[in-house]
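Two complexes follow with chain A in common, the first pairing it with chain B and the second with chain C.
The block that comes next holds the complex of A and B.
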């Protein structure tokens, strides 16, 4: 078996809340893999660390202390490297009981070394699309110019005319009508869905190996959302690109993902094949995943006029992370036998079925 | 190859020109009314110390057209100006138009030069402190320096500079003309650029704009696609704010120019206006007011043109 395209291991990205004088542990030990030609969905509530994970992979965290540990192994046909290789030398951690209490980081040295490791990665190997596509495109450049820029930077085409042709080709592939006219349109003149198509064209035009889609449908109309998902699905089967799909929308995750990672409080709580994990009736499941699934409307529930179930309690406060299971305060499946462990010990990911891991004491014997 | 919004530019230009015409009309009217209502008239200055006979006085009044009604005077002035005739100076008896061109070019040189000085100092400081906002050690003193310069009154700075250049370097930076001593002309330009009180404001504005743009989503996209952040941030983060500052600060700098021109004996509009105001030299005052309004309007016209060129469809306001 070949190495996975992207292997994130024990990634930790913290921020410093100056007002509270404490760390925000946005990403606290995330590990996940994206294989070749595979789409891995990352799902979780707002603030669970999904987007920060993606930004950490891209090396785009700019406020301190940012990424402080872990490894991100990337292995495509052209590039094999750990994107955090040797960066731990710039960070000194003070830990007690396995928890980081203080960080001193040589920000400048880190940035310099990180830029060196990221050389030729951004845009060329890993491309990214975002939520809010209209704000993500430069309002002062026409859409065509922006795609052409990506082509000329990474597509190996420097001739202006050829690059333009290529950009037009991609506008066509993302099904933008009359690409010749749209080439000169500014983002303000296009709908949100069309802007997202242009973003996708821009991302894929340099033929990257990995696409990170950070909430690609958020902020779009429901009908447009569905069309964007269709487009991503189609392009995925055409190009065979690997995708790290981040969304809080379970239906989007369901339609696109091969495997799913559920994030809660900056850590993966469940990780496994999409079919198994997203099956609402399966028993082997983290209670957070179950709660997430119960909160999504589906045909059955609508017919039965059943109320949707909100998840009780607040999203985990990543400043004061409790010592035990992070979902302890909101969990509704705690049994008396494991209650003590849940409250005091952080469970490990445990394989409950082949390729399916859950972080819960119920599955630890 | 590059798509240039020529049509949008032409439209903006026409609109601005039309607006400028209306504005100039308004300015000239208001200035005229103020002059007309203000106490004192050119005759008292012209005939100071003389005891003219009633007949002589009446003759001068007819010659100057002062026996017309106020709107008649304004209309005949307007009519002449449209024909390129700005009248003759009451004091010197020379035609105003030629003199106006001469002094306005001198003031243009002083104004644009000092604007450049301000920008040359402010832009690097603003960019540096917006890019490296964390390294307070350098950006903070630089910003402080900007505030200190802004706090220096221009008349004080001018005299200090004269004192230093005379005693320290042995040259006297008072040029009576724009002849060979072009080096002398740099001194007033520097003084106005440093002392017009705009530097700290320009620094603060540019830094805020740049920092705001650097946090925009599309800059994140630029970084994620491996493109130059500079290329993407330049238009909104630097070009637009600079052109805005340029347009907004012209009136202030013209105001400062009056003082600097007085001190350095600079043959510009400010000095001429000062003199004309003392003499109640109506045609000169009117002409200078008109030219000053044209300068201000020109500044905002350039700003509008830059805005249109950068942003032909009004993507943002």
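The block that comes next holds the complex of A and C.
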């Protein structure tokens, strides 16, 4: 078996809350794998660290201290490297009880070394699409010209005319009608869905190996969302691109993912095949996943006029992370035997079925 | 009868309209008038530079003191020393043209560098630059200029350099603000994620596509301001020194004879100042409306 395309290991990305003089542990030990031709969905509430994980992979974290540890192994046919290779030399951590209490980071050195490692990666190997697509496009440049720019940057095509043809081809592939007319349209003249299509065209025009889709459907109409998902699905089967799909919308995750990682409080709490993990009736699952699934409206619930089940409590305070299980305060499946452990010890990911891991004391014997 | 025509671009928005469709009649008049003034200024500059004047502007003619406008050979009359006002008016633009360009150049280049640094780097750099621009902004410009004149000499180039430096904050703030808006819309992030180099993002996407209108407008307004500033300084006696003519010192020297009924020696340059500054300001305004679409439609 070949190595996975992307292997994130124990990634930690912290920010510093100056007023509180404390670290915001946005991503605190995320480990993930994206195989070739595979779509991995990352799901979780707001503030669970989904987007920060994606931005860490792209090296887009700009406020300090940012990424402080872990490794991101990337292995496509053309490039094999650890995107955080040797960067730990720029960081010194002071820990007590396994918790990081102080970070000193040579930000300049890190940035320089990181840029070196990211050279030729952004756009060419890893492409990214964002939520709120219109804001990601240059408002003063027509959509077609922006795609042409991407093509000329990565596609190895320098002739203006050829690049234009290529851009038109991609506009057509993402199913924008009358691409010749749309080529000259500015982002403000297109709907959100069309802007997202244009972003997808721009991202895929360089034929990258990995696509990071950060909430690609958020902020779009429900019908448009569905169409964008269809498009992503189609392009995925056509090009065989691997995707790291980030969303808080379980229905989007369900439709696109092969594997799913559930993030809570900056760590993966459950990771496994989409079918097993998203099956609401399966018993082997983290109580957070169960609660997430229970909060999704479906036809039966609507027919029965049942209230949607919200998850009680608040999202984890990533500044004062409790020592025990991060979901302890909101969990409804704690049994008396494990209560003490839940409150004081952070559980490890434990394999409960082949390829299916859960971070919960209930599955640790 | 009103006619409604759909343009070829199916969905159009102001910034996507071709330039010629963005004009409204007042804007067209503003810009037309502004360009006319710019043209006149250019022509006057060239005439002055090659000394193609109707009369020698320095020649004193004791027989024709205070000749009224329309006197044979002297279209705008003569001043209290019998010098031809028309020639002096044309030559007067020399005092503004290059110094004004210098001021604009300093303000724009300094503003671009500081603005980009503040907007792009953020954090510590931004704080330092903000303090610097606030410091420059809070200092009264005229006082600063008088200080420089006192320390060196009353030279128009010194004055315009100070004017350029004091013009930096406005440009820097505008550019930094623009970048901040773009960063908020994660457009810069998306550009980095696409693999564009920082240089390309700053020069092409930020400065050229998003700030060019702003820079053109700042430049035209700056020229008007330079003339106004020189005028006020000349009136105080600190600007361009006699016998070199500038519109400011022409108004000043002519003002002494104004109450005696000889109004033309100061009125002619005053009107020139009025129409020229109006021209530059309207040009800036019109360009702003056309390029940026500030007018609510």
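FYI, the second predicted complex is superposed on the first by the 365 of 365 C-alpha atoms of A that agree within 3 Å, B and C clash if a C-alpha of one lies under 4 Å from a C-alpha of the other, contacts with A are read in each partner's own complex, and residues count from 1 in each chain.
Here is the rule we go by: a contact is a pair of C-beta atoms (placed from the backbone, for glycine too) under 8 Å apart; a residue touches a chain by one contact, two chains touch by 3 or more.
Given the structure is predicted, the values throughout are model-derived calculations rather than measurements.
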Joint occupancy of chain A by chain B and chain C, clash or fit: clash
Partner chain(s) touched by A:202 [first = chain B, second = chain C, both, neither]: both
Contacts of A:190 with chain B and chain C, given as first, second, both or neither: second
Contacts of A:122 with chain B and chain C, given as first, second, both or neither: both
Contacts of A:139 with chain B and chain C, given as first, second, both or neither: both
Contacts of A:181 with chain B and chain C, given as first, second, both or neither: second
Selected from 23-31, 41-49, 59-67 or 77-85: the stretch of chain B that, after superposition, runs into chain C: 41-49
Doubly contacted chain A residues - partners chain C and chain B: 58, 60, 120-124, 127-128, 130, 132, 135-142, 149-150, 153-154, 184, 186, 188-189, 199, 202-203, 206
Interfacial residue positions of chain A with respect to chain C in the complex: 55, 58, 60, 62, 120-124, 127-128, 130, 132, 135-142, 149-150, 153-154, 178, 181, 184-186, 188-190, 199, 202-203, 206
In the complex with chain A, residue positions of chain C that touch it: 8-16, 122, 185-187, 189-196, 205, 209-210
Footprint of chain A on chain B - complex, ascending: 1, 3, 134, 216-218, 220-227, 232, 235-236, 310-316
Touch list for chain A against partner chain B, complex: 58, 60, 64, 107, 120-124, 127-128, 130, 132, 135-142, 145, 149-150, 153-154, 160, 184, 186-189, 199, 202-203, 206
